[in-house]
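Next up is a structure, given as structure tokens.
So that you can tell them apart, the chains are marked A, B, C and D in the order they are listed, and the count of residues begins at 1 in each.
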Amino acid sequence: MIGGGQGAFIGGVHRIAAQLDNAYELVCGAFSSNAEKSKASGEMLGIAPERVYASYKELFEKEQQLPEAQRVQVISIVTPNHVHFEPAKMALESGFHVILDKPMTFSLEEALQLRDVQERSGMLFCLTHTYTGYPMVKEARQLVASGKLGQIRKVYVEYPQGWLSTFEEGGENKQASWRTDPKQSGIAGAMGDIGTHAFNLAEYVSGLAVTKINADINVVVDGRQLDDDGAALLKFDNGASGVLVATQVAAGEENNVRIRVYGEKGGLEWQQEDANTLQVKWLDRPNEIYRTGGGNYLSSYAQHNTRTPGGHPEGYLEAFANLYRNFALCVQARLKGEEPQPEWQDYPGIEDGVRGMAFIENVIASGQSNQKWTDFTI
Amino acid sequence: MIGGGQGAFIGGVHRIAAQLDNAYELVCGAFSSNAEKSKASGEMLGIAPERVYASYKELFEKEQQLPEAQRVQVISIVTPNHVHFEPAKMALESGFHVILDKPMTFSLEEALQLRDVQERSGMLFCLTHTYTGYPMVKEARQLVASGKLGQIRKVYVEYPQGWLSTFEEGGENKQASWRTDPKQSGIAGAMGDIGTHAFNLAEYVSGLAVTKINADINVVVDGRQLDDDGAALLKFDNGASGVLVATQVAAGEENNVRIRVYGEKGGLEWQQEDANTLQVKWLDRPNEIYRTGGGNYLSSYAQHNTRTPGGHPEGYLEAFANLYRNFALCVQARLKGEEPQPEWQDYPGIEDGVRGMAFIENVIASGQSNQKWTDFTI
Amino acid sequence: MIGGGQGAFIGGVHRIAAQLDNAYELVCGAFSSNAEKSKASGEMLGIAPERVYASYKELFEKEQQLPEAQRVQVISIVTPNHVHFEPAKMALESGFHVILDKPMTFSLEEALQLRDVQERSGMLFCLTHTYTGYPMVKEARQLVASGKLGQIRKVYVEYPQGWLSTFEEGGENKQASWRTDPKQSGIAGAMGDIGTHAFNLAEYVSGLAVTKINADINVVVDGRQLDDDGAALLKFDNGASGVLVATQVAAGEENNVRIRVYGEKGGLEWQQEDANTLQVKWLDRPNEIYRTGGGNYLSSYAQHNTRTPGGHPEGYLEAFANLYRNFALCVQARLKGEEPQPEWQDYPGIEDGVRGMAFIENVIASGQSNQKWTDFTI
Amino acid sequence: MIGGGQGAFIGGVHRIAAQLDNAYELVCGAFSSNAEKSKASGEMLGIAPERVYASYKELFEKEQQLPEAQRVQVISIVTPNHVHFEPAKMALESGFHVILDKPMTFSLEEALQLRDVQERSGMLFCLTHTYTGYPMVKEARQLVASGKLGQIRKVYVEYPQGWLSTFEEGGENKQASWRTDPKQSGIAGAMGDIGTHAFNLAEYVSGLAVTKINADINVVVDGRQLDDDGAALLKFDNGASGVLVATQVAAGEENNVRIRVYGEKGGLEWQQEDANTLQVKWLDRPNEIYRTGGGNYLSSYAQHNTRTPGGHPEGYLEAFANLYRNFALCVQARLKGEEPQPEWQDYPGIEDGVRGMAFIENVIASGQSNQKWTDFTI
């Protein structure tokens, strides 16, 4: 693991996600750019001291020298955005599979480079767009893909948060500080942090690609350096249209990511606050409630990504763990020279990362433009 | 009553709303442009045959000749949009108070004329933007006005329907037919029918005025003559921004009008499907659930517009009846020469109508424009 | 109308229910046992002074002397429980149809007498068990009757309120005072006031009859004279079992009557707080959401009792009005010598009243008994 | 680990719960009474072959002989009920801490013996009543304990399932087979499997002890050997009363455990299907929504048992993991000779197990009795 030392948030989530299904063992790490902190974090995590490194460069060098059987196989990178590209590139080039936190890089330019590196390396790559790990989100994608809803016409996606309603970045709040700092986060704040999640979810569930954006991007809180709010009208490649909302100043909101998709014959609705439910809506008969663990009416994708019987809720950590588990299944299949099952391959990858970075650049460009519609370009 | 004969929808709703609190008696009508139908409808409604008229012109003429004590006092106009202006104008000029279904007129031009007529006439005027009649919508407005949420930053309003997901207007569906016909509805379909409700709700609850619109307006169903879908980014006069969604092709949706408003310190959420609940959200303490009939923590506006104890749900007809009742209280106060209470005066009026028509023209103009933001002009 | 003068609660609800569909006109009344109050109430309601009576006896006498065309047809009785039997009996014997508030009488003995009177009189009789007026409650009954859920095994019904959590009856609260007074309410408090509603709902939806009761009846608040809380285990005539809960000391609860019924193949759930929704549950496929106004999948009973399109909520007053409307349709059919439709006849009647009074006596007896199961006897 | 081999359900849950926080390492096991199956399961789990044992007896013998540093410390027992007592006893007597699945033993007699053994052994003991591991359940307990709701008057708890609505035990369904078999489950079916959970939850949240039971216990499905349904009226030691429902024949229900507690001043409601929400209800002000991760208004108990920020749902596995984590913290504190924090000690223990077994025996006895109230005896 690169990053995720004491005081970090997402590193701990990654560790739980990795170990939840017993598919990974945490064997080495460079947990902080500060060597002392890295050491302390490694000790706390029970890592053998000789495999706690002062930097990710050292990690790659030293691990490559270990015999293959002892060497780490998968590198998990959980640093702030500006420290994504270099370690990911080095990891892939050093022959390690990579799990990388989103957004993929600091810029689209880096993302395109990383795609080249990954393709050349032949190593596997996963980007942790967590929400696509929920069983009912997978069910939603399968339902759209099945054609049962008819051709898709509308996609509404939103990610409202309230935690940046005041100027948090001055003080102790490490999360607020780096996420609002252009040097660490890049050109976007809310759009990079949560807008990319919403964008990824919209494309994942609908199976469509955004082609045009018309965005309103705002800095609401005085003194903030990056956008903390925005909304965008969208056009998709099949002619559908939609709306994306991402805001960090909706006071009183937590993380209620929500998506609604409507086709000619029906629609669906999913929201994180009721993550084990998929509402399925029909033009001419009663709406239905699909549930995690609900049984044979669910697709193999939903069933594969479920651990508990219906009614015992699974949550964010399980969704995250689904990404890790599916990635591990693909890594293991490769080790065995077997073809991974389609359900295992259903995790976000390098292309999602490129499109996510393109979203950031396009949505910010649209926000700054007087032109109504900006073509979604990569 | 003008319009609302057999086969109509909203006429029946108006009649229930009027009689629910026993504040009106239906004494005369021109229920259809077809004299036979008008007569039949009047008979069904138990109106004295001599006061069932073949046309609204006849109604105004004959009723004006009646002694004041027998004469109708309030005219309710529930015709399709293209038959709003003329009867409303004649009613006001003939000295009758008017209740008019929304949108107010066929065009903004007519709306501005009607405003002049109404001002000159000195008669009272109510426009039936039903949703502002719900007790918890009134509470929402009062909560914003109280300043407890801090300065408002975000307004999200949506009105998703699914009933026009297919081409309904060819056949028996009278509602579909006139609402999608530019000759009867005007330049807008969804935006006029439900977009105006959403717009009115947003301005009513937030206490703000829209200043700019950036809209995407669509005709989704093949062959349809008017928009059946749209979304608009909004700017408000205090610098807040927002999103308005109105669609008639969200298959499986009924009429779940929903509004969310966020300020510096908290937010609120209301939706018609849970109409007796107002969710009140706070930055730093537990969210609260305000309820119709909830007691002393509610404003006088919510309390005045409630008929049943908490937990006995009130719905759409009661919200509608609140408009009628408040209007009646104001008419009665005028008859008595008394000052109406502020709670009674809280019904939508001529200014809401003008702004609603301006919304229609501005949002359609924005939809057709390549310019990103269209100033909201009247 | 008998009762329902100034300060009363349920009288106003009855009046709204009656006039909502324009099927009744309020023409006379004895609104209070106090002649002055009755007069004042009548004036406020706009009744001709000569038809505002000082007592119900006077009302029956005088109205009988009027020519048939002017005479009142239906008597609505909304007095406290101890003034139910006598006016109801006199009304029936004087040739008037009767709508009576629940519980039907002061004692089972009176109820049985009233049944005899009603049968002999041949007049129509309705008891206002409001909750059976909701379209989705009617749908629930029809769904059970259709056999789609299989044989019924479990019935859970509950009526939690919190408004009597403290000793309210000492002071101004007129509702609290009479409802906790054995001289006005009879032998039961909560069980009579809301337990009868729950009992009636359970039998109505399940189509079953209670055969045994095992009850725990409590007076929770110090100084109270009647039960304010209770629960009962139930046995039904087909072998099913169930639980009934009725309490007035569930602090923070409003009136969330709720019923759940389970059969071999599926179940259903309805609650007043989400009155326009019926949850339909299945063993082996996704649960479904039936909605008021939902369309052709609904039974004729649900459709007949609905006024607005799906998504425009109907509530308590509409449910109440359904009783009044169906009763009016039956009265009118009789006047025309026609057979009323089955949907019109679906309102609670004398038999519901007898069973409700038997419930009160049996449940209180069981509460006082050391015997586990008390046979439900009439 | 004892039990939990291939085909088992709860064993996998225990393993996830143990490893989720990285506080345990699975080092040895006797995963099945069948030595071959145990071996295969151990291999699949990546356990060193020499520490996969053919029986739990062998496990204890061999592990005791290992040097202390290598020896297993905590034994997790996840076998069917009839194989709880002996391995638990042997584990404690062999000097291992024990985590045991509920219900604690096969009979109350065994439970009392086990309590003696545990007390003499001085080893730590945890019983996995999962639902008390939810942060919002802990918050509920703290809220009651704080006195803010006033003296508790009513406790309603229910655990409705539908998975045994048909005769499942004949075939492949291993879970159904052992849970309905008196030789493996003991004298109770539903009451032992889920009734004990409901009972434990009621006493945990209310802080009260049940003193009397009045139960209706049923075998609904033909041919079933143990109860699959029941309900009980309850009395508590402070005079409060309540209702407990546990059923496995509520067709269409999953595992929606729900508890409601009402005091003089307010109430609370929690249900597993919305596990991250605690509804807090008040007599005289708006109800409140407490949320997992909600911030400083939450007790230290809720905060300690939460891993993710508000709005990222935690579920059943995290609740289970909270038991494991708290137990590990107590084990570690003991190893360090430190006093564990109160929050760590808040996991179900031997006393909960004894009361749970007493509940089973008392509730079944009450079900068979003609006497109304059965004293809760141990």
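Here is the rule we use: contacts are C-beta pairs under 8 Å (C-beta built on N, C-alpha and C of every residue); 3 or more make two chains touch, one makes a residue touch a chain.
Note that the structure is predicted; figures quoted are calculated from it, not measured.
Participant: Looking only at C-beta pairs that count as contacts, which pair of chains has more of them, A-C or A-D?
Facilitator: A-D
Participant: What is the chain whose Cα centroid lies farthest from the Cα centroid of chain D?
Facilitator: Relative to chain D, the chain with the farthest C-alpha centre is B.
Participant: Whole-Å distance, chain A centre to chain B centre, using C-alpha means?
Facilitator: Computed from C-alpha means, the inter-chain centre distance equals 43 Å.
Participant: Rounded to the nearest whole Å, what is the centre-to-centre distance of chain A and chain D, using the mean of the C-alpha atoms as each centre?
Facilitator: Here the centre of chain D sits 34 Å away from the centre of chain A.
Participant: Measuring from the mean C-alpha position of chain A to the mean C-alpha position of chain C, what distance in angstrom results?
Facilitator: Comparing mean C-alpha positions, chain C is 55 Å from chain A.
Participant: Residue numbers in chain C touching 2 or more other chains?
Facilitator: Where chain C meets two or more other chains at a single residue, that happens at 253, 280, 287, 291.
Participant: Help me check something: in the complex, which residues belonging to chain C touch chain A?
Facilitator: Chain C reaches chain A through residues 280, 284-291, 294-297.
Participant: Please give the residue numbers of chain D that touch chain C in the complex, ascending.
Facilitator: Residues in contact with chain C: 149-150, 153-154, 156, 160, 162, 165-166, 214, 216, 218, 220, 229, 231, 233, 241, 243, 245, 247, 249-253, 260, 262-267, 280-283, 287, 369-372.
Participant: Which stretch or stretches of chain B touch chain C in the complex?
Facilitator: By the definition above, chain B touches chain C via 9, 12-13, 15-16, 19-22, 26, 45-46, 161, 163, 253-256, 272-276, 291, 293, 307-318.
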